[in-house]
Amino acid sequence: MVLSRHLDERVWLLNRQGKAAIAASAQGHEAAQLACIEATDPSKDHYLIYYRQFAAMMALGTEPEEMLRGFLAKTDDPMSGARQFPLHGAHPRVDLFNFSNVIATQLPQAAGVALADKLKGSDAVTVVFFGDGASSQGDTHEAMNFAGIHKLPVIFFCENNRYAISVPLEKQMGVESVASRAVGYGFPGVQVDGTDVGAVYEVTNVAIERARAGDGPTLIEASVERLLPHTTDDDHTRYRSSEDIVQMLNRDPIRILAELLKRRGQLTDSGDEEIHALAKKRVNLATDTVDAEPYPSVESMFDHVIDSSGGHS
Amino acid sequence: MVLSRHLDERVWLLNRQGKAAIAASAQGHEAAQLACIEATDPSKDHYLIYYRQFAAMMALGTEPEEMLRGFLAKTDDPMSGARQFPLHGAHPRVDLFNFSNVIATQLPQAAGVALADKLKGSDAVTVVFFGDGASSQGDTHEAMNFAGIHKLPVIFFCENNRYAISVPLEKQMGVESVASRAVGYGFPGVQVDGTDVGAVYEVTNVAIERARAGDGPTLIEASVERLLPHTTDDDHTRYRSSEDIVQMLNRDPIRILAELLKRRGQLTDSGDEEIHALAKKRVNLATDTVDAEPYPSVESMFDHVIDSSGGHS
Amino acid sequence: MTERTVIEAVRATIQAEMRRDSSVIVLGEDVGIRGGVFLATDGLIDEFGEDRVIDTPLAESSICGIALGAAVNGMRPIAEIQFADFVWPAINQLVGEASKVRYGTNGVKTAPMTVRVPYGGGVRGGLYHSQSIEVLFAHTPGLSVVAPATPFDAKGLLATAIRTNDPVIFLEHKRTYRLVKGDVPDADYTIPIGKAEIKRPGTDLTIIAYGLMLHYALQAADMAAANGISVEVLDLRTLRPLDEDAIVESVSRTGKALIVQEDTLSVSISSEVAAIIGERCFFDLDGPITRLGPPEIPPMPFSPIQEAAFMPSPDKILAAITKLAEI
Amino acid sequence: MTERTVIEAVRATIQAEMRRDSSVIVLGEDVGIRGGVFLATDGLIDEFGEDRVIDTPLAESSICGIALGAAVNGMRPIAEIQFADFVWPAINQLVGEASKVRYGTNGVKTAPMTVRVPYGGGVRGGLYHSQSIEVLFAHTPGLSVVAPATPFDAKGLLATAIRTNDPVIFLEHKRTYRLVKGDVPDADYTIPIGKAEIKRPGTDLTIIAYGLMLHYALQAADMAAANGISVEVLDLRTLRPLDEDAIVESVSRTGKALIVQEDTLSVSISSEVAAIIGERCFFDLDGPITRLGPPEIPPMPFSPIQEAAFMPSPDKILAAITKLAEI
């Protein structure tokens, strides 16, 4: 979590330096992402992420160098070879992917992935991440409806940070909670404090067990804060009040967790500092390494448009 | 209701005679449609219908001749001049329209119509009709969500006949009722027996008052029976069990209403027969009239592609 | 060898592919017990069960999105869009997503899926059961688009489509379904995507067509032959990638090209074929590159009189042949 | 007269039209207090309020469907699609529905709506913030498609679009937003839809382009002039209906045509322009109808090196000019 935070901060710095074209940050979402992943089994489960899944990708074993290659558009970007925005493409080691920037397309795709597992008799679970903004899309409805009918092993994990770029929740929906929609599809919808690692782990665990047992989907809505503007191209002081910003900063999951551990005596101040120092060092190392790496060749952009073998099974 | 039924039957006959290319029937849906319309004000309200709205169109004052012109593709088809399937296009006298055969597109359109009324300060209400099948479409979700946010004066009137062509309800949704989804949008959802004119009138009336008062949308789900196959191109014995068909026939709203009125002493057997005889006569007259009418010219197919005036306001 | 209609060839091929490969599944509206509104999947649910023949809710975007998800997880889905006119809600999942899966993941993921789309008019379908929808798909890198016109081609190309490791849009002209019959080998065979075929050789001019228009072109060519004009008819069969070499070879030889199309001409397959000819056959051309299609109005009126006036016909094609031959 | 960028011209025009006609409303994602991600609607919510400047949920199909419904009930909505890449979910409401409202109701209903779509690449947008999406719209009867390349044209055409009684797809090239500046009259004026414009006269060959490519073509024409080649540059400005007469007039005069396009060439605007030339200029042509565009791969890589290699550039255009001039 701390490493993810430091690397995330570094990426914004690299953007300000003109090295990274664009970045969306997971700052504020880390606890939700990490705790959710913790309850899953990366050796068989599937993860359909979206652009804000920085911490989730790290939790799934992506190295800092690999993360940076995406942002710096280096040839060895593991997700897409620098064809796509950072975090887009498919992971080489775990079944984590994010085909596009187009909001909510991943939800029907997740239902399809889960359908295939059901047909294969696999007990793998598909976790699909999305924001509150994505909940407005027709695809979200269609995906949940289908998953409900077929009791598919899929977890709809909504990171509700109350904003779709600048559009606040009350302009996105006539209700308070995304989770309230689950009743309309015939499966449980749960709201959880997304800054609370324990709570998120618990509800995800229940959902995973339910899914593996063949009992169908769960919609989890984790309330989180988007600590930074939407992306490096945004300035949220244009549309967030200063009270909103102050309150939001109080819900930083890293501070919350550190304070909790300290209260419990599981973390000392110096231990905390050491963790941060180590993370910083790791980030520096990765930055130096990746900075020196090559960019993709022009020729490689012609690869993989369609199956060059002629494409027959 | 009786006239609608007889004319509807005639249309199927005309199809069997090779005169009407295709027909979808409202048989079984009549009570729901008529009672709903009865609670509205055709002088100002808007109606976005779909292909099964035969009875609704008649309740809104469409003459039998006008109905038949659509089915027989005659030049004076009031809705589209025979450019479209019957019941598609726009009505010349009331604000009733149905732009396309594409299921559920009318729901966002209805939200837009209602938005315009809200901006204009009009107290008109928009009624949009759709089937259970349409409830699965993304557009339905998006429309209800928007209408809920802006508390738009729109009534979502679902005629749930438990089939989307051959697909039964349990393959369309993981829940029992479409109305249950309304809670996810922040407005009331009501289930009503669509063979019961009084009940439908009641719930629609409440919804209309709510909408006119600026309190927002209502989702009404009327359970009805599709007494005939999906269209004249369909054969429902391929996919409906004989018990299902027998049970369904017991829910014929015309029989139910006639029996109720007779039980109450408000209708005699001979009175009933007379109504049917009159309706048949009217239908015969209309058929003869329209049969003799001309088909559209080839030249007229070039009209109204875009504003021929150059299109400036 | 069995004589089959186009729809019978389609059905038999789906069945054969499902027997051949257990990862082939079918999904769409009414594809189960109803067997599809055109009966392309008739009986399949009895043989393969509800798991592999899935009646979906009425929601095209998710039909294609689910097919895509299943495809990247080991299945070979065949999604059916009930009528081409209803494919628009699924454009985002097909053109936006499926086309770029392989490219956008740098080859890590692939989407072996076939989307069957019954299209075209002349069936009293009016504005919303007659549309041709090939343009955008044929424009999009990463997709293949196939449009067979005969039962033989339908079988060979559908087998290829299903076995292809990338998304294929498979267009079936509704009017040909029962109208067009032909001998189809019972044995397994495939036809490569991207290969046009000369369906009738000739020397004076080349007609380029696909789908229903192929048959009208062949009829017109017969009539022209009676007038001493020798017409070659090239069936495109695949709309992406176009078989540029076949087009260039034929037109360079005959010196004249007439492109016949049911779809609106503006910005269409016919435009691309004309552009290929204008660039690559320029020095061999003996006459203007000619196109014949419907008027530029929404396709197509429900009125039978107007529908007939809207559609290109053998007679209209013959007139265009005669005019071009005289230049 | 004020010097403005393209985006400033767009913003000022929306504001002027909203002042002129109270039925003009704006809706889309982030168009309110955020002013749109490109600031095309910056400040409008302050002047016109939340009723007329509506921040919608993230749902493009309904943005367009709601605009359509409002349009048939007396409003003149301007819907903003945040990036062209996200217009695919709305195809059904635009191509399927809006295009046929007037036709399908036999003229009883009309849909005076404008859909603003920021499109195009060269902005490090990768596969999903760089797309060109004009093809399907330009193919569809009932729609008008406009693609201005200068601040002057943006103002005149946007005013026309908003006042038009039918749906207009208004394409704004993202790369031109701040890059391209020009004098814009402060007074009200309109430019008719369907009229191309010669942006640079010449005699040896005609380049036909629109959007960002217009500017690259003008640069290449300048470079060619230094080599003694006189290039005419025709700006299409409207993609549906194409100004066929202007294309034919220019190419017939110069005898050679080079069509330059950022969008994938296959089945595109460039194809249609080539087809028009191949049919109507055949007897005046002195060389093959030539097209220059990107490679047939998904547009376009995020990698800056690959993005640059993907895009047509003034240098590549110059090379094509030189080659064609030598024939």
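Per-chain residue numbering starts at 1, and chain names A, B, C and D are given in the order in which the chains are listed.
Everything that follows uses one rule, which is that a residue touches a chain if its C-beta (ideal position, glycine included) is under 8 Å from a C-beta of that chain, and two chains touch if they have at least 3 such contacts.
Given the structure is predicted, the values throughout are model-derived calculations rather than measurements.
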If you average the Cα atoms per chain, which one ends up farthest from subunit D? B
Measuring from the mean C-alpha position of subunit A to the mean C-alpha position of subunit B, what distance in angstrom results? 44
Whole-angstrom distance, CA centroid of subunit B to CA centroid of subunit C, is 35
At what distance in angstrom does the C-alpha mean of subunit C lie from that of subunit A? 40
Please output the residue numbers of subunit B that touch at least 2 other chains, ranges allowed. 80, 83-84, 88, 100, 102, 136-139, 142, 145, 149, 171-173, 305
Counting only residues that touch at least 2 other chains, which ones in subunit D make the list? 56-57, 59, 61-62, 85, 88-89, 92, 96, 100, 103-104, 127-128, 141-142, 296-298
Can the chain contact pattern be summarised as a line, a ring, a star, a complete graph, or none of these (other)? complete
Of all residues in subunit A, those that touch subunit B in their complex: 136-142, 145, 148-149, 151, 170-175, 180-181, 183-187, 216
For subunit A, which residues are in contact with subunit C within the complex? 46, 79-81, 83-84, 88-92, 97, 99-100, 102, 105, 107-117, 119-120, 138-139, 142-143, 145-146, 149, 303-307, 309-313
Which residues, counting only subunit D, touch subunit B once they are in their complex? 21, 25, 51-52, 56-57, 59, 61-62, 64-77, 89, 92-93, 96-97, 100-110, 112, 141-142, 144, 160, 163-166, 190, 192-193
Report the residues of subunit D in contact with subunit A in the complex, numbered from low to high. 29-30, 32-35, 37, 55-59, 61-62, 85-86, 88-89, 124, 126-129, 295-298, 301-306, 309-310
Interfacial residue positions of subunit A with respect to subunit D in the complex: 21-22, 73, 80, 82-85, 88, 100-104, 133-134, 136-139, 164-167, 171-173, 233-234, 238-239, 295-298, 300-302, 305
